[in-house]
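You will see two complexes here that share chain A, one where it goes with chain B and one where it goes with chain C.
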Partner chain A sequence: MITVRNSGQRYAAKYLNALLKDPLLSIAIIVSVMFVLITIVLPLVAMVGESVSESGRPLFQQYLSSPVYQTIIANTLVLGVLVGMVGTVIGFLFAFVQVKLNVPFKRAIHIIALVPVISPPFAVATAAIVLFGRNGTITRGILGVRYDIYGLDGLVLVMTLSFFTIAYLNLRGMMEALDPALDEAATNLGANKWRIFRTVTLPMLLPGLASSFLLLFVEAIADLGNPLVMGGNYEVLAARIYVTIIGLYETTGAAVLSVILLVPSLTVFLIQRYWINRISVVSVTGKPSGTPQSIDHPLVKWTLYGAVLLICGLIVLIYGTIIHGAFVQVPGVRWDWTFANFDFVINGIGSQAMRDTTTLSALATPIAGLLGMIIAYLVVRKEFWGRNALDFGTMLGIAVPGTIIGIGYILVFNTPIGIGDLTLIPKLTGGQGIFGGALAIVLVFVIRSVPAALRTGSAALSQIDPSIEEASISLGADNARTFRRITLPLIRPAFLAGLIYAFARSMTTISAIVFLTTPQTKIMTAQILNEVENGRYGNAFAYCVILIAIVMAAIGVLYFVVGAQTGAERRLEGGR
Partner chain B sequence: MQQRAVRLKLENVSKSFLDRDGKGHVQAVDHISLDIYSGEFLTLLGPSGCGKTTTLRLIAGFEHPTTGRILLDGEDITGQPPNKRDMALVFQNYALFPHMTVYHNVAYGLETRQMPRPQIQAKVAEVLKLIGLEGLDKRRPNQLSGGQQQRVALARSLVMEPRILLFDEPLSNLDAKLRVQMRSEIHRLQRRLGITSIYVTHDQLEAMALSDRIVVMNQGAIEQVGTPEEIYRFPTSRFVADFIGRANFIDRVPYQLVDDDRAEISLLGRKLVVPVRFPLRAGQHVTAMLRPEALVLREDASLMQVTIDEAMYLGSEVEYVVTFDQQRLVIVQQDPRISRIFKEGQTVGLDFLAEAVHLLPDQTVV
Partner chain C sequence: MIPVKKLLFGISISLLMLVAAPVFAQESTLTVLCTPQEDWCVAMTAAFEAETGIDTNYVRLSSGESLARLRAGRQNPEFSVWWGGPADAFIAAAEEGLIEQYESPNAAAIPEEYRDPDNYWAGVYVGALGFCSNVKVLEELGIEPPTSWDDLLAPELKGFVAMAHPATSGTAFTAFWTIVTLRADALEAEAAGTGYDEQGFPTPAAIDAAFEYYAQLNNNILQYTRSGSAPGSLAGQGEIAVAIIFSHDCTKLQQEGFEGILTTTFPEEGTGYEIGGMAIVANGPEPEAARMWFDWALTAAAQEIGPTVNSLQLPTNPDAAVSELSVNLTEINLVDYNFVAAGLNRVAIAERFDAEIAAAPTS
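Here is the complex of A and B:
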């Protein structure tokens, strides 16, 4: 025992020594850790602290024993479970059609499935109301029914359509990684296709299905935009937290509700992190051998394909409504062609929001992308004390519902933080905050985007043989030069994906920044919410169209600047 | 071994890793001391998991030893980071930079040293010529064959003119023919340039073909150090005898000490006097080792008669398995004059070359 401890101490000393010898590496580690501590952990701790304060503790009991709040909590969980299940099924359907069926228009289906990723919140919900609401173009106008879309059914519909892409991409990646040799082996042993699906494909995909369900569950319970627009009488926690702050100015109450919402979110995050990864049997790195067999049974094939086409049709209809609605006077009521909506947004009240949102997103994007790659590099390649904690802490940025982050920021950064007269962190939030509260918004954009960059970055890094970096070091380059000249160019696709995600996420986020916008700093999504709440759907749609256009343009610019061509791809072709 | 300067010195070096559960330690390298002389080609040879690669990575600086010191030309480099060590490592999977051309791969290290560009160009051209890759400098790694990639990896290290060249199983990703070709190329280059080289492999033929000296490792420790011939002919342990080439062991051979260095033994029905190369105490058991090529099968009624269990015709040689005294013996006949191949089940006489008998201390635990 003693020798083990001694050698442990020696290890520690050696590590410390190695870190001191490479100051740049140490700086990278310290900066990353400090960033995560201040911008993610600190607000969370403050929020939890507030909830268990003198005034917070009684609220727990009050909320948890009140039937109203019990219903809200139950509503939230039911919504999460339903969206998780329906979204996973649809995602699986799309993945299955892409990977296993030999049918036309697969490329188009893929692109349609990706569309919801860059859509602003409210867009789908508002369009759904126009189409299927009480006065819906389809429900009332064509079918002649007065259907009340507000509530659980409407929420499940719009959230599923908004989030199923996550499940689709997740499952598609896994299904493509399934080794066709397994299918061939099972066929060779006499199994038919249905039996293969039941005994080989499905069990291997089970971790993927579980993780898709969990991801969708978390997205659904954290979502603020859709419940605000679509919820009707069906109240959920995120919306309640919003009302508690915006309507009642009860920060403590909101903190208590946030902690209640945090419990299922964090539980799922922990399950995802420590259990799903462990039971996963599909290795995504393996080179597939053989060609995947397609399903040819006509009934199976065309039923599944038909279902997918139907959903695609729905998505096209909804986005068509958004675009069309932007050019008419009152969508769903007066279909007269007009540019008034765009005029209102571009030349009127929306112009500042457009500029501010785009500028702040553009500021946050490179920071998030680069920070994600650096943390990925540190976590995957370097050994240091707190490595796992750094990864965990960074991931909290997205694992925690956005509303909770927002409240944490209000709690921590509303007053300057300092020791004595020395200000360490100035007031960040609110109109009197630094840069009119813009810095806080940029920070939130960054912490909401870094996790995705970290994941794509570390996935890309683990595909690259560490000996390539060691070769660089062996040839005399230090860590910084190796990262700049070797690592970063090789993970460029991940970097690009991280940047695109960061920009799209920043432009479309609402829950985390809804409490942080100020008169000086206007954010488009908050403005859209305002327009929707006031029933000015035409303006809302015009905002959405402009926002989507900005995101698409930015993706084009990023492709051009960063470049999608990579060393890693070349290596895949001829490396061995 | 002629007297040469010690280039690299390992002093009592060990390395332990935390095991998978993070509870115990795995001793990858166990208190190794070793001198590597200037200009020599030294091979670390052993089965997978014997610690040879870890030893190489300790020398390169990618791992830090748990105990011990590493000295390069007398200077303690134990704490020196790998990029400051004047060594270059050739990797098993080449580890070429896939996003750079051959030229930039080779120039990379010199650029890191901030050498002037014309000088870099001259040096790269020179080394590419040396290694037979002229005209390929604009290619990318994926446009090269496996053998060419390995040459680039070698050129990239050679151009640095390091004090020590390190090789981590550089040929194991090549197919058999190419491996033999690259082996002689490395041999030729190293002899010509005289760079001190440390080479890790699990392929004993590669080790024998290339090395001035071989270090046989097992379970993190050094089993034996010696020239290829010493290692093959006079292994000091059963492990080494078994790992290098193939060996028949005949345990508990009856013997009589003649003097300190010789013993009379009775082996396969013959009595003979053989040298003893280890301190032998009276009463201790000994094992006789005979290489398969030292055993001879002959139709001769005066010899011990054995029945052939298996006969395999391998082209350049014929391999037999016989059972003698409940012991499986492998015999390889390489004599091209032999026109007759014995059949399985046939009974023939068994003979051996007396000078090839090598005695080992009996290490079987009773």
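Here is the complex of A and C:
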């Protein structure tokens, strides 16, 4: 990537000139900026505004000085730290086994580690209750103990299993990029494997470990589904916000709590963005030379492998329970074989939700994928004022907890926005909103997925020499044509990954959507929550199985449509 | 008897058709705010749709949520009719102007004690609160099924009781107000005028006493669920021992796989009951269709739909057939539940409960 620092005047002139010469480029910039401003920044600003309003300010003091809320805030942070640590360790373990150990079934382990990404919320928590609850099939049935899974320990277990994939993919990519030449050099200098690990590998991976920890921390404190299902009396902020808005419809109170939750989320996001990237010592320029050395010490090797197999076993057990549970009368109590759950879901309450959710996700997917690639292209390749702000604003879509996005949408889009009689943005949320509130849901799907597409897109772009695009422009193609014909095909694997992520994320998201479903637009995850809350686990599992099947089918379709070139396949399955 | 019923049914249907005929052109959709269990909502809307041809949608929300949602959407209501959930929520809604009066031609069939004298709401079912216990878990804990509210405070039950959150759930609010009533009776017995004020409403002292009870009970509560009936399934799964829910929700669970696992008991000193209400949403988008629903839901035929999906609340229409599985209200001790006082206090109690009890850590 070429960055030329211009003096202000020359820059402005060049900038204006470039924009005039290429109107399509300016349109792309303006559209992207407007999109981020309206769909991400505006709701956030409105929410912060509501929290510091006349009625909001006293609530800050009330909440922050109340011992009850202090406990809730402490609970939230403790949960985030624990999930961050345990998840990073497990992610590291999986990455280490994949990259450094020469053991069988590595591909199977990789696939098992990816399963949680496409799994709906509540699935893991519900299965964990059936298996390890107070009347759990394993805890009570086999071990004979009445284990109380509700609360911190249960939450750490299910959240770690749900989110560790993020750490795994992150660390694995990093470990593969480590240059084995460094290991060799250290070996030649007489260091043993342990010393190399301690003094070479670990320091190089430190930024990766830190950023995994931070990503998991943010996921954990933002998570709503799991605390609702198995929080017990371990209260966390996200669930409190939910009760405040759903039970009491106290938008101001919810906004105040949201801002309190936003502080740690954004702090961590900023640390991750500006500090971790600076201390990063792994260079991604060029391919690593040679293949990584594997660890042969049998004790180390088999201990680590055993630990990973154990966790894989747990994941298989949990997803096995989900699938099995979908076909029995009352999972955990009556294991009689039945199709009643599927009948209830498919012919009863679920058919509309399935149709709506799939349609809206399918609408959001290409928008998110393309927008992600366009913003990545603009941010990586083009020089314009506000470039960093555009990148930052887009990333906010995922850095901000979903509950907060949902409340922001209710605050901003519940009434039409306009100047005088002119309506600029019609009412988006609620049953009377445009398309029965469906547009708001699609927008939320998009802004929650664009960040991932942007990251994969810009990572892919920065690996590609800009001279290829320059050649295209020299030959007379404009920016749009170059993007379409040269850039997009080159970053197709990233595009495909972005699309898959967008679809899976849209189908499985709950925290932002739960505030936006309407009579006309039913969303599967919200219905699953209903079934789980009412204890109809069989129905919930049937729903989960259908949802997973839809996501898998969509991935297949995307591979087929976008075209899985060899590169794409390798990259995706390599998890990068 | 039967021919009369059939005749009445026929007449009401033809009346409906008469009323409905000119409407079809204008309103072809109806959005129902539905508070009972989801499968009953499905069955009701499907039956109404089949009968009238009106495309009927619903959203299922617990009664506190419904109230909050109606309040939030006051300027631009998204629902036209609200069906089900304890009447106190409807009284609170009428007080805030969220629902409007409607004198249904079919209301005369409903006994007076089951409908609002001012016609803001009418009752569509009745049910009593009970304790839904898991027999096996109780046996392991070494205690008998609870037969009084104080039994729930037993130290053996720490973490083994569940109820819903009164802010979201009408069931839980009914449980709360039941204790208020019992405490008011006790205070009144000690000294006249301390339990009830001159209007006959429980005094603030009675409400404070109920909060004391729930602060104690909080130590035994595993989780406050969002939906009123959810604790019953927790009991069925064996995650808890006792759920405070409506007895018909416990019967429903027994019918759906928990036979022999769950048992229903009632507190001897008295239990609360609900009248499931129904009302037209003020300024709703489909007023004509909403009235059609209102009239229809009061008919015996509509009230016989519940048992087909194991919703065993008692019908308010005396002509509707009663399932033999439904509880007989004359056999249990009901408190003198003041729905008006409950409705007027509902919002304040929900918020206080949320702040003082639900969010508090247990000791």
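By our rule, the second predicted complex is superposed on the first by the 556 of 576 C-alpha atoms of A that agree within 3 Å, B and C clash if a C-alpha of one lies under 4 Å from a C-alpha of the other, contacts with A are read in each partner's own complex, and residues count from 1 in each chain.
Basically, a residue touches a chain if its C-beta (ideal position, glycine included) is under 8 Å from a C-beta of that chain, and two chains touch if they have at least 3 such contacts.
Everything numeric in this text was worked out from a predicted model, so none of it was measured.
In the superposition on chain A, A:E176 makes contact with neither chain B nor chain C.
In the superposed model, A:N233 lies in contact with chain C only, and not with chain B. In the superposition on chain A, A:P489 makes contact with chain B only, while chain C stays out of contact range.
By the document's definition of touching, of the two partners only chain B reaches A:S467; chain C does not.
Which of chain B and chain C touches more residues of chain A: that partner is C.
In the superposed model, A:Q329 makes contact with chain C only, not with chain B.
Contacts of A:D22 after superposition on the shared chain: chain B is touched, whereas chain C is not.
Residue contacts after overlaying the shared chain place A:G476 against chain B, while chain C stays out of touching range.
Across the superposed pair, chain B and chain C touch chain A at no common residue. Put simply, chain C touches chain A in their complex at residues 31, 37-39, 42, 57-60, 64-65, 68-69, 71-73, 75-76, 78-79, 137, 140, 159, 165, 167-168, 221-223, 225-227, 229-230, 232-234, 236-240, 257-258, 261, 285, 350-351, 354-355, 358-362. Remark: chain A residues 68-69, 71-72, 129-130, 133-135, 140, 146, 148, 150, 228, 231-233, 235, 240, 243, 246-249, 251, 329-330, 332-334, 344, 348-349, 415, 427, 430-432, 517-520, 530, 533-537 touch chain C in the complex.
The touching residues of chain B, when paired with chain A in their complex, are 16, 24-25, 60, 62, 64, 66, 79, 81-84, 87-89, 91-93, 95-100, 108-109, 112-113, 140-144, 146, 153, 156-157, 160, 166, 173. Interface residues of chain A facing chain B in the complex, by the touch rule stated above, are 4, 7, 10-11, 14, 17-18, 21-22, 465, 467-468, 470-478, 481, 485-486, 489-490, 566-568, 570-571, 573-576.
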